[in-house]
Structure formats: C-alpha cells, structure tokens
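Structures follow.
Shared chain: chain A. Partners: chain B in the first complex, chain C in the second.
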Partner chain A sequence: MNQFVLIVGSGLITAALLAVAGVGFTLQFSVTNVLNIAYGSIMSAAALVAYAVNTAGANLWVSGLVAAATGATFSLAINRGVFRPFEGRRAGPFTLIILSLAISLILENVLLIVGGPHFFSYGRLGQPSVRIEGVGFTPAQVVMVAVAGVLMFVVHAMQKWTKLGKAMRATATNPELARSRGVRTAIVVDLAWVISGVLCGLAGLFMGIIVGAFNASTGSSLLVPIIAGVVLGGIGSPYGAMLGALIIGIVSEAAASIGGLSAFKQLVAFAVLIGMLLLRPQGIFSSTAAERGLAR
Partner chain B sequence: MSGAAGWDFVAITLLVYLGVNLIACLGLNLQYGTAGVLNFAFIVFQAVGAYTAALFAVGPSSGNGGFQTYVGGWRLPFPLPWIIATVAGAVVAVPVGLVGLRRLRSDYQAMVMLVVSLIATTVVVSFPGFLNGSAGISLVPPPLGTLLNPISVGYGWMYVGLTAVCCLSVFVVVAALARSPLGRSWRAMRDNEVVAGAVGLDVTRLRMLVFVVGGAIAALSGAVLVGFISAWSPDAWLYPETFAYFTALIVGGLGNSIGALIGAVLVPTLLLEGVTFLPTFANPTVSLGLQWIIIGVVIIGFLWFRPRGIAPERKNVLAPPARTLTLPGAGHDKADMS
Partner chain C sequence: MKRAARKTTLAAATVACIGLGIASCGGSSSGASGISSHATLVFDNIAPFTGPNAAFGPGLMAGCWTAAGEINGAGGILGHKVTCIPTDTRGDPADAVPVVRLMLARTRNLVGISGPSSDSATVLAPILENAHVPAFMDTGQALFDHSTDPYFYRIVPADDTTGFAMAAYAFHRGYRRAAFVFSDNLDAQGNKPSAVAGWKKLGGQIVANVNLALDQPDYTAEASQIAKAHPQVILTEMDPQSAATFLRDYQQIQPLPAIVGSTVTLDAQWLDTVAKAIGPSNLLRVMSGIRAYTPPAGPAWKAYYAALHAAGSKIQGGPAQYNNDPYVEAYYDSFNIMALAMTLSRSVNPSKWNTSITSITNPRPGAVDVSTYAQGVQALKQGKSIRYVGAQGAVDLDKYHNSSGVFAAFGYNPAQAQPVRLLAIVSAAEINSAR
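So, the complex of A and B:
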C-alpha cells in the first residue's frame, strides 16, 4: 500500500510537470505547425531566472510569475526573430527544426556561460507534512499538482469557451480559411507562442523544484519524457498531452520505484515512445497528426 | 611540444580530425543529401563504431588493473577492430532504421531521432557496467602500436595516411553509389517519395539501405577517431555533435561531395577542433559555449542568406535535345495531372 501511494503520488508530481510542459509544447505546435526543440532550453532559462529571483528574496509564487514572464518573452522573441521571417520565405519542416535546434544550442550555451556549469538547487522546500497512508509529501509538491490541475482547466476553458480558443482552433485547422473569415492569424500565432511560453516557464519552475538539482541543460534532458507524453497522447491535442503526461508520469515512477534506479524513468518514457511510434505513430488522440501528414 | 615536433603534432591532429569529419560528413550526406533521410541520431553510429573498435582492441575488463568495467573486451590485431566496428554500425542501423522507416513527416522524424540520441547517452551513463559509464573507455591501444612507436612523429604521419586511405575508400564507395541506379533511386525518393513509390521503387527498402550504409560509414569514422585519441566517453557524442555535422553539410552544400569536404574543413575541424590550439582567452566553459553559439549563429545565417551552401548541388540533367518533339495530346495529359 505504501509503495502504491508513493508511486501514484510521485507519479502525479512528475505528471504535473510533464502535463504543463507537454500542453505548452503541443498547443504551440497545433497552432503554428513548428516542432520547437528549443522548448527545453526555454524551460532552463525560466528555471534559472526564477531561481535567481527566489534567492534574491521573492517567494515561490512571485518566482512563478517571473518564470512565466521569462518563458513568454523568449517564446515570443523566437517566433518574431526567427520562425516568422523564415516562414515568410516558405521554409520547409527540415529548415524549421534545424532552426529550433540552433536556437536551443545558442540559448543553452548562453545560459551555461551566464549561470556556470554547476548545478542549482532549491534544497528541501518544507517538511513532508502532508501524510497519506504514511507517505509524506511536501506542501510545495501538493501545491504544484493543484496548480497544474488549475492550469489544465484554464487551458480547457480557453480552448472551449473563449474567442481566442476558437480562433486558435480555426488557425490550427486551416490558416487560410481562418484568415479569410477575419481571424487575424498573425496575432493568434503570436498568442499561441506566448501561452506556450507561459506554460513552458511554469514547467521550468516545477522542474527546478522537482529534479533537485538543475542547470542550463536540464530542460533539454527532460525533452524525452515530455515528447513521449505528447506523442503518446497524440501530438497537437492538449487533452492527449494531459493523458500522456499522466501515463508517462505514473508508469515511469512505478518503474523507478520497482526497478530501484532512476534511469528507468527515462528508459520507460523512451520505451513507451518507441512502442507507440511502431504501433500507432499518430498517438491516442490522432486527428492533428493525421491531418498534418505527420504519420501515415 | 615545441618547435618542429609541436607543429607536426598540430598538423597531424587536425588532419586526422579532418579525415574523421570528412568520413562522417560523406555518410551523413549520403543519408540526407542524397536520399533525404533525416538521421538526428547520426552521432550514435559514430559512437557505436568507436566503442566497438575500442572493445575489440582494449582487451578484457580486468586487463588494465580492473579500473574500468565494460561488456566483452578482446585484443584483436589491427585492422580487425575497425572492420568489426564498421559492421557493427550497419547492424545497429537496422533497429534504429525500423523506427526511422515509419513514414513520419521529416521534422517529426528528426525529433524522434533526437530522442534516440538522448536516450542512448542516458543508457550508457546510467549503466556503468556496460561501457564504463560517463568515464568512458580509455587506454585503447593504438593500431599497429606494437610494431611502431606510437608516440613518434612518424607514427602520427602514418596515422594520417591510414585516415586518408579510409577517407578515399569511403569517397570512392559513396561516389559509386551516388552514380549507380541505387543512387538515382535515392535521389528520386528524396525529391518525391510518392512518385518514387508510384514508379515501382521499394521506398522502405531504399530507406533501410541508406540507413545501413550510412551507419557503417559513421561507425568507421568513430573507429578511426578512437584509435587516434585512444579513449571514448559519452561527452564525445552528445546530440549537438550530429548538429555540427548537419551544419557542415549546409555550409558546404547538401548533396555533393565537394560540399561535404568544404563543410568538414570549416565546421567540425576548424571551428570545433582548430580553436582548441589557439591561446585560450577565457575559461573552458566560456570558450566551449562560444563554439556552439557560433555554430548556431552560422547555421541560422546560412539558412537565411545562402541556404544551398558554398558549393550547391549541380542538377543531374541530360543535355536538352536539339529538337523537341511535341506529342499529340501530351499537353493535355500534363494539364490533367496537375
């Protein structure tokens, strides 16, 4: 029973990180059709800025706001500075993914030079005071899961009930048609990058709290479980990303807990990703992947 | 390391690295430039070659006082480790190719291959009993080290010659493949996969073939490199290294060997290796970081200003016929097709 609570509990905590990160990644992809490999580096940037603000005296809520703002700024800057000009020239998918890798390398190494190669840590954030069946969780962990839940609901509400959500879905399905129906797609795309950046920044803060020690390249190393969750759920689908994150989170924690080695987390995420690609490369919620010709 | 011997050392090192990078660029160019197959896990195949060559030369795990642990470990005479390494690259290409064979959009596939590269590093680092973890395998005996004195300048130049022979062989093989019917099929698949399939080409087989051939070439480059530096660890094959080779191809010009040569000289050799011989102006973290920042900026600049590279691929077209025959109805057929 203890092990079960531990697995589900730490699975949910991991899933909180993966869901926030995955939804940001997949939402931006569904609207803009760009796979942004620099996502992990933006997470690192937000994590480092949030950490700097936190050590300067701000509490974690303020750090969270700063992380979100950092993520949004980088995300928008990358779209305006690189992706939009290249898309204006009708650059192909290969060019765009090479560009996102280039941005990732530049950003990560700038962070490495600014932050140094050593690792940062928040240390222990409070006592494990929340006890469930004898297994302790810190208040920070519980709050994180709750915040992730709220964020997922906000994304759902925005997609479903706001004009922006409608415009984003219209742009994702058919940009030309959306434009001809009066949707200002350039602004919608900008906003998609901003929302994705906000989620990316918050995921960066979560990452800083969860992984224990992090530096400029930690965000990129998390790309494996993030992408695994996104692909499992069906790329381009926010609900798929949530489901994928939950599955990857719990399964990987179970593997690490039973196998007794934290490397199993990454391996399980990878195994799920490869299995999914071989059996059903379009993922569980497959509409976007099928429409874009990502996987046939 | 001063005077003439010092310069010899610099020249030998740069030439061997150039050879290794050229072999790798030729292999990657065959995969992406000729066949249009994206392999963002390319560096993993170089690593397979390097580890295999090391394992088949270094001897059993307990041999060096047991300070490093790994699976297997034999002491075979040169050139057996290099040959086995090349074969190993081809063999490992099959399972990776199975994933790459899925008809995924090119960027989606690139992302998957990137994950393959990340996970390969994680596996080697997390299981130290496999390939000695993050410390890597060291004290790999130099090829022919028992016959010649491996620390002499003469041995260095002999190694340059050995590298050159490998380069030339790969060059000949790649050039022959590119001119062969197989090469034409690859280019057809690259230019339009659907049409290539429609005219009867087995696209799945073509993709797997180029994965295997490219994997073998990459592995050979790793074997040559590990024989020279006598050590190999996960730091040597992180995923940005693949990106450096892609940068080389784009700077040089995709789809032709001259482009691969220019790229191999400029990016991985001069930019990544050459600068290590310059006087250090900053601490290692800063200068290493700067190299990658420069590579990132170079690639964005080239993609914007000169996307076809310094030496663009020449289109393989037949000379136009002296008099063009217009077949009746041909124009209509064309209109119907589009």
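So, the complex of A and C:
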C-alpha cells in the first residue's frame, strides 16, 4: 500500500507538471498547426523570471502570475514576430519546426547570458506535513497538484462552454470554414498562443518547484516527456494531454520504484507510448492527428 | 563557367575540410606549421561550457588564462604571445564532433589543446590524434590508461583512482553499509566500477546500487527505495540538477546519511546548487568529496596563485574559487609544459615540439627543477636540462603519457570565496587497500 501511494503520489506530482505543460502545448498546436519546439525554453524563461520575482520578496502566487504573464508575452511575441510572417509566406510545417528549434536555441543562449550557467533552487518549500500511508508530501506539492487540477478544469470549461472555446475548436477543425462563418481566426490564433503561453509559464513555475534545481536548459530537457504525454493522449486534444501526462508520470515512477529500472524510467514510459501508438496511432483521444495526416 | 566550376570546387573542398576535420586544409588552419614570426599562438580548451556539465569549461579557461598571463609576462614563447579560446562541446558527443572539427579547420596558429572531458573524449580522441596537436585531456576514463596516441597526455588522475579513493575514505571512516547512487551519464559512470570494486574488496556491504536517469523532475521513488535499505553512507556522482532533486527528495523521506562524492561534487556550482536545495547546514553536516590534492604551498603553487589572481576578471566567477583546485592547477601546468617544450625544441610546430614534452616533465640525471615558465626559459637559455615541477607537483608521464597524484577528502564550506575545506588526506596506502 505504501509503495502504491508513493508511486501514485510521485506520479501525480510529475503528471501535474507534464499535464499543465502538455495542455498548453497541444492547445496551441491544435489551433495553429505549429509544433513549437521552443516551448521548453519559454518554460525556462518563465521559471527564471518567476524565481527572480520570488527572491525579490514576492510570494509564490505572485510569482505564478508573473510566470504566466512571461509565458504569454514570449508566446505571443514569437507568434507575431516569427511564425505569422512565415505563415504569410506559406512556409511549410517543416520550416516552422526548424524555426521553433532556432528560437529555442536563441532563447536558451540569451537566458544563459542573462542568468549565467548557475542553477537556481526554491529549496524544500516546507516540511512534508501531508502524510498518506506514511508517505509525506510538502504543502507546495499538494497545492501544485490541486492548482493543476483547477487549471485543467478551467481549460475544459473554456473549451466546452465559452465562445472562445468554440471558436478555437472551429479554427482547429477548419480555419477557412470558421473564417467564412465570421470567426476572427487571427485573434483566435493569438489567444491560443497567449493561453498556451500562460500554461507554459505556469508549467515553468511548477518545474522550478518540483526539480531540486533548474537553469536555462532545464525546460528543454523536459520537452521530450511533455511531447510524449501529448502524443500518447492524442496530439491536439487537451484531454488527451492530461491523460497522457498521468500515464507517463505514473509509469515512470512505477519503473523507478522497481530495483534496477530507475535509470530506464523514461525508456519504460516511452515503451508504453510506442505500445499504445501501435494499437491506436492517433493517440487515446484525438482525431486531430488523423485529420492532419500525423496518423491514420 | 570556369569561375563557377572553381567556386564549386572550392566550396566542396571547404565542406570536405570541415567535415573531415583535416588540419592542414588551406594552409592556414590548425597544426600551426606555417606560423609567422610574431603571430599569437592559440591554446584551445575543449569542454562543456553549457548543459549539465557547464561548470567544467570555466575551470579549463581559468587554467589557460593563468598560464597565458605568466607566459606572456615572461616574453611569450619564442617571441610569440599566447591566447586562450573555448570550444563548447555541451557535454554531448553529437554536439562535440562538429564543433571540434570546425575549430580545427578554422583556428589559425593552434598549438595546444586542453580537454576534452569524459563526456566526449572517446569520440574526439581520434579526431585530435589526426590533427597532430598535443592534447592534455581532461578525461578520467580508464580506456585511456594505455593510450598509444603520441599526441595524447593526461596529468589529471584516472577516474578509477577517484573511485578507489572514495571507497577507501568511506570504509576507513567506519562506514560499512553503503548505497551507490550515480547518474547514468558517461562522466558519472566512469567512477562507479572502481568505487564498487573497492568497497567490495574492503569488505563493505552494498545495500543499494542505483543508476539515476539524468535530470528527471522527481526522484522520490528512487530515494524511497534507497532510504528503505538504511545506508550509513551514500557514494555518489551526479550532476548538480539531479543531485539537488534526488537529495531533496531523499531528505523528504528521512534524514540524509553521510555522503561521499567524487571530484564533481566539490565544484562550487555543485555545492551551491545542492546547498540551496537541501539547506547549507545539512550539506555541511553530511557532505564530503574526494579529489586529487596538492598542498597549497611551495614556490610553484605561489607562482600559480599569483598568476591566477593576476588574471582577475578573465576568470569566470573570480579567481578565489580555484586557489587550491588540483584540476585547474593541472590545466595550468599543462600549458606551461607545452610552452617549455616549444622553447626546448625551438619550434612552435606541434609535430616537432610534441616529442620534447616528456623531456620537460620526467626526471633526468642532471636536470634542474623549475617551478615556473620564466624559470624554465631562463634555465634553458643557460643550456641546462630542466624538469618542470608545477603547482600540481611533479609530473611523471608513463609510456602511455599518463600521470596521477595524491587524494584528499573535502567538506562543504559555506564561505563562498573558498567553497571547500580539507577534511582528511586519503593516503596512497588507503587507496591501495581498496585496489
């Protein structure tokens, strides 16, 4: 029982990070069709800015707002400054991926210049005061999982019950048709980047809290499990990203808790990913992958 | 048409030169065979300057700038001034190969190399051998113990020695139940086999043996598995981010036992990062790290110290952190050795002076000890044979161009100017008891 609580508890903490990051990543992809490899670097940027604000005296809630604002600003700026002009020139998906890779490298190196090669840490953020079956969790970890849950619900509510959500889904499905029906797709795309940036920024803060220490390249190092969760759940589907993150998080922790497999925890998670995709190439939820020729 | 064809040929040749890392392409590249009389000579430092092991690069550059200041202050090498450049491998062999090939193809007047470190040494060694430029490698990998590359040198200790010293130190301090926790990257794994073998040889019990996937967001499951085994001591090498996360997660489960780390765990950045994650007082209580040791005394160390501090702002993070760092002292010594070998052979052509290196380092009848570059030049001018005994102490290269030294255990020192303090010498007898 103790082992089960440990695996699920640790898995949930990892999943909270992967889910918030993954939903932001996939939401933007579903609307814009741009695979944003710079996402991890934006996470790092938001984490560093939030950390600077926190060490200047602001609490974690204010730092969270700053992280969200930083993520949104970077995200929007990248769309307006880079992707939109290239899309106007009918750049193909491969060009856009390479562009996002270039942005990622530039951003990471700028962060390295600004922040230096140092690592930053929030430290322990309290004693493990919440105990389940003898397994302790810190208040910050519990709050983070709860906040991730609330964020997932907010995204769900926005997608389901707001005009913006409907407009986003319409733009994602068929932008031409959406435009002809009066949806201002350019604004919808901008808002998709902003929302994605907000989630990316918050994921950056979560990353700073979860990892013992982070630097300019930590966000990029997490991009692979984030994308794995997104693909597993079905690229383009926020719900898929949530479930994918949960599976990746828990499977990784289960592998790590088995002796001798801890070095291969990511490999085990990816093996599950491959197995799942063999059975269901479009991922668990999404039809977007099939629609865009990413899977049959 | 002719011009177009020539352009194409030139472009193809350039691409081929860069791709193959051919040192002599174009006549102006590495190898430094055609150096003009007062051209500045270049020492390149191949190391990670970004990525998880970004702390390595500044150490190499510190050694280089320290030596360069001293060499230039003494009039340069045969009238040539020297300078230092970095080549960033990012700690990744895939990144390292193209950047080093590019460096070799582009760098004019390259005469010597410091690095690379273990993360990319294996893939870079053949490229550097083909370049015919002496390289004082910063790798501890045992596979270089019997290198036959005539341009390869290593005056930093082999990794397996550090591992034996870690086991010996922990065992002779009374610990018997050990957990081995190493990151699953090449650098960290280099120390593990000898640490495990040494511990077994001494009769210690291994209660957990875990390889950690690098830079994961959470290590609670791994920490829990190890904590259950109740180790008295954790023997480890991890990068700063993984260490901070793992140790903080462990601490969340139960108080940390004693930790004996490798040389990496004594880097100022490692200590600073982990101190932030688990608290400076906890780090002070549990941490000790093993590294090669040279006492901060004697004329060579004083010269090193003076040159290090004279380099001032060129040293990233300030000179004080390297006051008694055997690795930086070894890098510094390696440049002085190369400079003296050039002076002895009266040539800056690496293929000529390379054969003079052992004449500078190894004991010979009638040779006078010199502790600085300036002393060496002066003695050579007087027609004397010399032996360079530098900041690191005497270097005695074996037939595979390897040399190693003495070890000590250091603890964390929260005073940032000098982040470690000496705990105990790990004697050769103690190390040998683990071999």
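The definition used in the following text is that the second predicted complex is superposed on the first by the 277 of 296 C-alpha atoms of A that agree within 3 Å, B and C clash if a C-alpha of one lies under 4 Å from a C-alpha of the other, contacts with A are read in each partner's own complex, and residues count from 1 in each chain.
Following the convention adopted for this analysis, contacts are C-beta pairs under 8 Å (C-beta built on N, C-alpha and C of every residue); 3 or more make two chains touch, one makes a residue touch a chain.
None of the values given here were measured: they were computed from a predicted structure.
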When chain B and chain C are modelled together on chain A, clash or fit: clash
First (chain B), second (chain C), both or neither touched by A:218: second
Touching partner for A:263 - first (chain B), second (chain C), both, neither: both
Touched partner set for A:113, first chain B, second chain C, both or neither: first
Chain B versus chain C as contact partner of A:148, first or second or both or neither: neither
Which of chain B and chain C A:67 touches, first, second, both or neither: neither
Chain B versus chain C as contact partner of A:101, first or second or both or neither: first
Touched partner set for A:6, first chain B, second chain C, both or neither: second
Which of chain B and chain C A:278 touches, first, second, both or neither: first
Partner chain(s) touched by A:14 [first = chain B, second = chain C, both, neither]: second
Colliding stretch - chain B into chain C, listed as 133-141, 169-177, 187-195 or 295-303: 133-141
Touching both chain B and chain C, residues of chain A: 109, 112, 117, 221, 263, 266
Complex contact set, residues of chain A against chain C: 6-7, 9-10, 13-14, 17, 109, 112, 117-121, 123-124, 128, 135-136, 138, 207, 210-215, 217-218, 221-222, 252-254, 256-257, 259, 262-266
Residues on chain B engaged by chain A in the complex (per definition of touch): 38, 98-99, 102-108, 110-112, 114-115, 118-119, 122-123, 125-127, 240, 243, 246, 250, 285-286, 288-290, 292-293, 295-297, 299-300, 303-304, 307
Of all residues in chain A, those that touch chain B in their complex: 35, 37, 82, 85-86, 91-99, 101-103, 105-106, 108-110, 112-113, 116-117, 220-221, 223-224, 227-228, 231, 235, 261, 263, 266-267, 270, 273-274, 277-278, 281, 292-296
Of all residues in chain C, those that touch chain A in their complex: 49-52, 54-55, 58, 184, 210-213, 215-222, 224-225, 240-249, 251-253, 269, 272-274, 276-279
